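Okay, so chain A shows up in both of these, paired with chain B first and chain C after.
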Partner chain A sequence: MNFKKIYISYRPIFLVLPTFIFFLVFFIIPVASLFIIAFDKPVTGVLALQGEWTLKSFLRIWNRSLYFDAAVMSLTLAALVSIITLIIGYPLAYLIAKTENVARNTFLMILVLCAMQLDMVIRLFGLMVLLGDNGVINGALMYFDIIEKPIGLMYNKLGVVIGLVQFSLPFMILSLIGIIRGISPSVVEASRSLGASPNKTFWNIILPLSMPGILAGTLLVFAISISSYLVPALMGGWKVMMMPLHVYQQVAEMGKWQFGSAIAVVLFLTSLLSVLIYQKTAIRIAGGRA
Partner chain B sequence: MAAKRLKEVGEVGFLVKFGSFIALCILLIPVFIVVLTGLNSGDHLTFPPEGFSTRWIVAFFQSEEFLSAFLFSFGLALIVMVISTILGTMAAIFITRFKFPGINILRAIFLSPLILPGIVLGLALYVFYISSGWGLARTYLGMIIAHVLVTMPYVIGTVSASLFNFDVNLEQAARSLGASPLTAFRKVTLPNISNGVMAGSVFAFIVSFGQFDVSLFMSTPNNTPLPIALYWSLRYTFEPTAAAAGIFAICLVILSMLITSRLVNLKKFSGVKFS
Partner chain C sequence: MAIQYGHNVFMFDLKLNNLSKKFDELLAVNDVSFNINSGEFFSVLGPSGCGKSTTLRMIAGFVMPSGGKILIGDNDITYQAPETRNIGFVFQNYAIFPHMNVFDNIAFGLKMRNINKNEIIDKVKKSLEQVNLLGFENRYQRELSGGEQQRVALARVLVTEPQILLLDEPLSALDKKLREEMKIWIKELQRKLKITTVYVTHDQSEALTMSDRIAIMDKGKISQIGTPTEIYEKPANKFVADFIGISNFLPLEKKSYSGDYINVSFLNQNFQLKINEKINQEFSSAVLRPEHIIFNPNTDKDICILEGTIDIISYQGAIIRYIINSNEFKFISEFSNLPESKIFKEGETVKFGFDINNLVLV
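For the complex of A and B:
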């Protein structure tokens, strides 16, 4: 009897056991082994563990301007993209949050979600046809004699920024909608009835109250922008080197497993840090609303 | 007067509408361009466009490269969807229903593939596949495992959300009326969370179908998902056949989002859940 009781109360464990084992074997151990390899003695072309702990790979990132600059470039462009995405994304998030009509609201949400879920390579195909030297924009400008030769809209930093903004905009919008919807209409009404103009109400009431969503959105966009391999690879034409490009290049093309892993670890920790701050703010938001 | 003011508060100004229009353009114009390129009659999309034709659609159906990659991705996404939905639903029930020490850590682990940069996860798995000696590197099974990892958080997130909304008392009522735990779950709980489970599986499908980053280290000439095939072709040229393949992918995404909007309240799909 006693045995049966214990048996029943521990049975739910079997619901989670397969997933837990799966994550242990194919997630926790692989990520941990990536850390181990990053601290192992670098030997080109050899993945097997050397067993000599060293910081060589990390010092190389720090000392070689090629890799240090890539880290700085990643951080700068990601910060820039976060700000641009916020400015572009806020109005649409506000519109969706304030749209009461269910059909129209669902329609707008489907547009944002479709744009987000569509394979990024396909979206970049569209952007590249639009921005290329023989692309639609340059073609149109030359057709109307506004410019004589194509202006460089991609294969440079501008192209990478445009690509990353297109990539991360839906994430920003989704981070903002919930917060903006949570702003009580009576606060806004109070401000207006006390004589504040719509403009003043926005800057003094609505914007400060959306701050948690703004912070969460910019951090999330920052984290996904530094992690993107595709956008700098295609929109930057391998001329704008960001960290994910080096990870792939070092491992797949040069066989430098330890060094590639070290760059991956730096990338992982940078993105983890911004996500941790993001979650802190997200939890505070959830707590504030409850 | 007050009523008029109240109405004003709910309305949005011209600047908001204009800004929203810009944002929608940035989100959607690249998609329209892909559709135009795929339906264009010229060799590449020019300004002004030359006219419409279905020649690239036909070329897609005859292309060994893109059609096989499309079918590969579709099959992969189906398998991944089934595995992720089953494992993810079970795990979601556990982490929402039962109080165990360390359950928050468990939840964080299950959701963390979302925040790990795809290229880092891809490399970690690739390194593990090679050094474990299980022969998983650059195999179909290895690819399935990687995709299950990245799609599982979507299933767990969506199913957990629908479990939170479900009143546990209903299941307990069934139990007190003599139903076994399994029967009570199957007859009472499952029908109530089925929308969440289906929405989660649709997400798993579409995330796997569009997955690039973790597939990068896994693919071989025989194991090429559509995003990887498109990427390699896009590095050298703008092939309208690739755009035609894109049109079908766009249709799949639109279809899956329409299904999702029927299953769950999209209003709740904001903020933390996508983190």
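For the complex of A and C:
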């Protein structure tokens, strides 16, 4: 009856309304369309909805080991990248979190963030200059006669992993910094004073208390890696067939919208399922407190 | 239900020799020395930022001294890692491990000492009994009140039978009533265990009620070390007199020495004060405690008699505080609120005085 009254009693809804509309238009609707198209009759070159529902596309995915292999490849590489990124990122995040000097801390943060400011493609070109057969590393190794022929650092799984790690490292570091910084110094001192060496303190106190950051970071990196198209395309040279490459191939090169969407749906569900399983297990291991 | 720990058998005294700590330009702890006897309850008392925590943290090994030595018995521990010192530290925020329940928190120190499982279970149980927390084994930090966390922190430290117990303002996060209870409880526990204890606080009532001896710290230096009585009744300098309790500082003019006496004047009155060990030769004023002021004094030769008007009355239940204005000098005086005592009114003119033998020159 009176707008102000309505506004006040439903204020939380009003506050999130713009975000909700944005989310609906630019995320839910596109993804939902993809889901719908995937169940439509596959016709090459046709994007429009025909309304002839079928599981043909999914059956084809199921019957071709090509796609199963791609799913396995995507999952293993994404998991591997998450672990490597964690191992590299944790010490860096710890260093930044424990640097109290404001100037030094800001400098380190800028280093991390500036890695994110260059476009993905440009950064990958940079990596290519470094890792290519005529690149800096191979050139140097050959110059000093350590190797005779270039070693393959790119256009294989190694290249893809290096590319994905490079891309996702800042996300890992940012997920960890806040959590590590939140660990009270007196808890660490208490552990030392109760007889734990720095090493034991790390494994018994610091690492378990970093768990929320580790969980968030690895989940984020996993999701980024499993869905990455650009990195396997450029760093893998279309030799490391992760699932997004198949989606791109079917849709952009062959115009098979329905089949491409079906692969995307499978990718999405695979990713979602593995994330859920991981989260459940991690929380169980951490005793429900992660 | 008394628990016998090793403390009763082994004796550990703690010595600080000329201990200093510099943070960049700031001399946070400046040449601090004291000896704490085995089983003693020793407090370090001082205003915020005077270097109390830094001193304590050097004893624990969390801060490396810039100079000086720390000894337990004859054992120099100055540069030993904290985990090898066998010193218990109770933090202001308790520092309970948030990812472990109460049992695992208390067992932590024992596990680090590779004690076998059955013995750990046994010791943790006894320790929980001692702090009245049986049945709390499976709780996490977020499920404990401040007082309970505080007792877990104490149990966690005591179960490892440390040589020295260090407490850094352990009561400051508790409400007033709980603080009063915990004061007595900690003191009783300490006395039972006979554990050498260093207690840091900025609350003088805590230090005065709990301690065997107190060190008063000011700007990184020790101002005075003494029993609570000595600290209150014979403050070594103006800072101590000002920091502990309430003081009227009477500005004195030095006249002359005559034998064992010194002639001074205050508010145009001359007195002769006996020189004894409590007199600081550099004195510039005399400390008069509020409770040493009396109304309508008799005219004894050692009594200084003054006249003034009551400026402010502040009724505090057990005591009544009068601010008396005499020739523009404001005296703070305190009287027990006894049934027979006369209560003055603001503006009333009164005759009052004090025994000059109660003055402390600083």
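What we mean here is this: the second predicted complex is superposed on the first by the 240 of 290 C-alpha atoms of A that agree within 3 Å, B and C clash if a C-alpha of one lies under 4 Å from a C-alpha of the other, contacts with A are read in each partner's own complex, and residues count from 1 in each chain.
Rule of thumb we're sticking to: a contact is a pair of C-beta atoms (placed from the backbone, for glycine too) under 8 Å apart; a residue touches a chain by one contact, two chains touch by 3 or more.
Owing to the predicted nature of the structure, the values given are computational and were not obtained by experimental measurement.
*Asks:* Counting only touches as set out at the top, which of chain B and chain C does A:143 meet: first, second, both, neither?
*Replies:* first
*Asks:* Please indicate which partner A:189 is in contact with in the superposed arrangement: first for chain B, second for chain C, both, or neither.
*Replies:* both
*Asks:* Regarding the shared-chain residue A:200, is it in contact with chain B (first), chain C (second), both, or neither?
*Replies:* So A:200 only meets chain C here.
*Asks:* After superposing on the shared chain, does chain C or chain B touch more chain A residues?
*Replies:* Comparing chain B with chain C, the partner touching more chain A residues is B.
*Asks:* Just checking: does A:278 make contact with chain B only, chain C only, both, or neither of them? Give me first, second, both or neither.
*Replies:* first
*Asks:* A:209 contacts which: chain B (first), chain C (second), both, neither?
*Replies:* second
*Asks:* Across the two complexes, find the residues of chain A that touch chain B and also touch chain C.
*Replies:* Touching chain B and chain C on chain A: residues 189, 192-193, 286.
*Asks:* Where on chain A is chain C touching in the complex?
*Replies:* Of all residues in chain A, those touching chain C are 184, 186-187, 189-197, 200, 204-205, 208-209, 211, 286-287, 289.
*Asks:* Residues of chain A touching chain B in their complex?
*Replies:* Chain A reaches chain B through residues 12-13, 15-16, 18-20, 22-23, 26-31, 33-34, 37, 47-49, 88-92, 94-95, 98, 100, 105-106, 109-115, 117-130, 132, 134, 136, 139-140, 143, 165-166, 169-171, 173-179, 181, 185, 188-189, 192-193, 198, 213, 216, 220, 223, 226-227, 229-230, 233-234, 244, 247-248, 251-252, 257, 260-261, 264-265, 267-268, 271-272, 275, 278-279, 282, 285-286.
*Asks:* Could you pull out which chain B residues touch chain A in their complex?
*Replies:* Contact set of chain B toward chain A: 2, 5-6, 8-13, 15-20, 22-24, 26-34, 37, 44-48, 87-88, 90-91, 93-95, 97-98, 106, 109-110, 112-113, 115-121, 123-128, 130-131, 145-146, 148-149, 152, 203, 206-207, 209-210, 212-213, 216-217, 226-227, 230-231, 234-235, 238, 242-243, 246, 249-250, 253-254, 256-258, 260-261, 266-267, 269-272, 274-275.
*Asks:* Inside the complex, what are the residues of chain C that reach chain A?
*Replies:* Residues 60-62, 81-83, 85-89, 91-93, 95-99, 108-109, 112-113, 140, 156-157, 160 of chain C touch chain A in their complex.
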